[in-house]
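Labels run A, B, C, D, E and F following the written order; every chain starts at residue 1.
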Amino acid sequence: MTDTGTAAPIFSLQVDDHLMIAHSLQHDFFGPAQRLHGATLTIHASFERQGLDEHGVVMDIGEASQLLGQVLEPLRYQNLDEHPDFAEKFSTTEVIVHYVALQLAERLREGHGLRALTIEAEENPTARASVRLELSA
Amino acid sequence: MTDTGTAAPIFSLQVDDHLMIAHSLQHDFFGPAQRLHGATLTIHASFERQGLDEHGVVMDIGEASQLLGQVLEPLRYQNLDEHPDFAEKFSTTEVIVHYVALQLAERLREGHGLRALTIEAEENPTARASVRLELSA
Amino acid sequence: MTDTGTAAPIFSLQVDDHLMIAHSLQHDFFGPAQRLHGATLTIHASFERQGLDEHGVVMDIGEASQLLGQVLEPLRYQNLDEHPDFAEKFSTTEVIVHYVALQLAERLREGHGLRALTIEAEENPTARASVRLELSA
Amino acid sequence: MTDTGTAAPIFSLQVDDHLMIAHSLQHDFFGPAQRLHGATLTIHASFERQGLDEHGVVMDIGEASQLLGQVLEPLRYQNLDEHPDFAEKFSTTEVIVHYVALQLAERLREGHGLRALTIEAEENPTARASVRLELSA
Amino acid sequence: MTDTGTAAPIFSLQVDDHLMIAHSLQHDFFGPAQRLHGATLTIHASFERQGLDEHGVVMDIGEASQLLGQVLEPLRYQNLDEHPDFAEKFSTTEVIVHYVALQLAERLREGHGLRALTIEAEENPTARASVRLELSA
Amino acid sequence: MTDTGTAAPIFSLQVDDHLMIAHSLQHDFFGPAQRLHGATLTIHASFERQGLDEHGVVMDIGEASQLLGQVLEPLRYQNLDEHPDFAEKFSTTEVIVHYVALQLAERLREGHGLRALTIEAEENPTARASVRLELSA
């Protein structure tokens, strides 16, 4: 009844950070969020790996935090309405987590043996959005 | 090593609400919970979608909250021992989340393109239950 | 600019527990809470002392948890509408925290050197009530 | 060792809400926060009363939430740089909680018997600010 | 668009506990964590089942908590550097959650009908690790 | 009923950090905590000021975090049993928060206009201790 010997189980490591951004969502669909406002986005980044590396970890936790910080740095204290990567897009929480996940996937390209990546953002105390990217080994 | 171009990744949107109900669980199995008591159930409803809609969201967050509220409304401040939908059932947290999920799935029948729905309820600070319903697109 | 040498500073120790109760609040004032419903009350008990005892603590943390548990035990899984100590009272969260605080103060009568006691109860994710009792040394 | 019979103890009721605003803090002192950015401010409003009213509460919890909502409404989804009440001020979290507290105190002018009001805002997962206003009975 | 009638949905029950341990991670890779230090590990154990049992639950919540407690008991207030089960291993959070999961899977061998088990540990307010074990029915 | 015009209200700024330490509490009083074990201490540092400074803040939030970090740095990843400042003391959570508060008060000696300082440490998910130091202006 335990884990089969053949396949190593799936592990996850999760680290947190946060962003404070301004933006507006300019379409009737978004109601009062069409006005220029802002948000603190509390970010949870989960790194998923089948089995552990030789140090008994999913990846170095310091590196995980640092990579997440590198991806978030250019977004900190920004007005996303003026950020080129969000031009002609609605910078919804979903779009932001996707952007962060893709940027982080770029930086994880080599040698980490990760299987997937999930970025979740809490935009207020009662709502959050996330995306899960499969990574090719 | 990034996401394959062909399949859009899976996104989730989660919104919260809560219920305050009374009930009793009338079987020896439940020990002291056989007595009439109650619970605050903090509800987390997660809506899952492959890719995003034309507004860059899983679904309208206001609609998500409103649909969840509509499903929870008839349960608010109720004694589930007297609620017809829980007659001849044990109104455990698991049964309640299943009920909420099925009711919510009914209301999501058309046009949302959602893939799955998860309802989680925290019944006390150290315990929670959840259910995940696959939705046919 | 540091603490004056003469008076020891005020320390607090806080321990948690929880209750699951049923009740109704039978007066128009309470709207839908007039119906029999229930709540999980997450309890935070804070014990306050000027300076520390000979073991460098406010009080033994195990004893603090145990005393709180003794006070809560007779309320667990109860319908407060039928509990003699809440007869002819509205069993609001405020009244419950006061009751718990007074019961706990009784048990702290001797030898603890405590200055005050605060009982807080979270009744749902967005509301909580508390009371602070001064204790005579 | 219990509470003295003569003076009723101090009770608090706390309710939550949140705001999503944009602003900039235009002075060297604020470093990167000089740029237009934003924040989700999770608000905790605590109402303090000596003793309880005739319904066994600090005040009606629905009214507490409603009054807080009325005060927050004109700030929701706003750019505080353009809000007349924050002109020629730095709209720091401290200044915002003070503003909310003063507005709420105005609405509590009559008949509540409250002693004090505390407004706390969490601006990110690791920082919060608060202010406590004494109210004359 | 609802759940297909043929397959019961997946339910989870989650219970919490915590551990306070000392350890050192003796390899350059771990930087300052090479020194003897310690951690509070807040443990979330999730039990997963397709459908519910005859009492409308994933499993008895009291039994779930008790089994988790039994597994954690020999680790409480221990220096893992001296614990035989962690000899010649790095006792990382990932390795600890795996150990707890395997021990718990042993105790769930018969009659529970569970599908999978997830153990998550929060090691500090901004980091957590987890493992998911599939259980053969 | 509002704040009196004469005295500015009391503001607080709170910032968080955390420590991971090992220690043993060597006296029968501490039961199993006599063994060498460890803890993650989540630290909340609150800075209290009557009124705000010329920038509309209690103090610079970056400086608050930095000062707290400077005080915590020599304790990170330490075995407090071997730390000279805890020799011949029980390194309880209460003693640790007092130590952190006194160290922080030293660094706040000049020019901040603060009134008081509170250090709280959560040692596990159900227990925390704090101390409040009055600062002479």
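Basically, contacts are C-beta pairs under 8 Å (C-beta built on N, C-alpha and C of every residue); 3 or more make two chains touch, one makes a residue touch a chain.
Just so it is clear, the model here is predicted, and its values are computed rather than measured.
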(request) Enter the angle, 0 to 180° in steps of 5, of the rotation superposing CA atoms of subunit C on those of subunit E. (result) 180
(request) Could you label the subunit C-subunit F interface same or different, taking same to mean over half of its residue numbers are used by both chains? (result) different
(request) Express in whole angstrom the distance between the two chain centres, defined as the mean CA positions of subunit A and subunit E. (result) 25
(message) Roughly how far is subunit B from subunit F, centre to centre by C-alpha average, rounded to an integer in Å?
(response) 40
(request) At least two other chains touched by the same residue of subunit E: list those residues. (result) 16, 125-126
(message) List the residues on subunit B that touch subunit A in their complex, please.
(response) 1-4, 9-17, 52, 55-58, 60-62, 65
(request) Sort out for me which residues of subunit F touch subunit E in the complex. (result) 16, 18, 20-23, 32-33, 35-42, 76-79, 123-126
(message) Quick check on the complex: what are the subunit D residues that touch subunit F?
(response) 27, 29-31, 89-92, 94-95, 97-98, 101-102, 105-106, 108-110, 120, 125-137
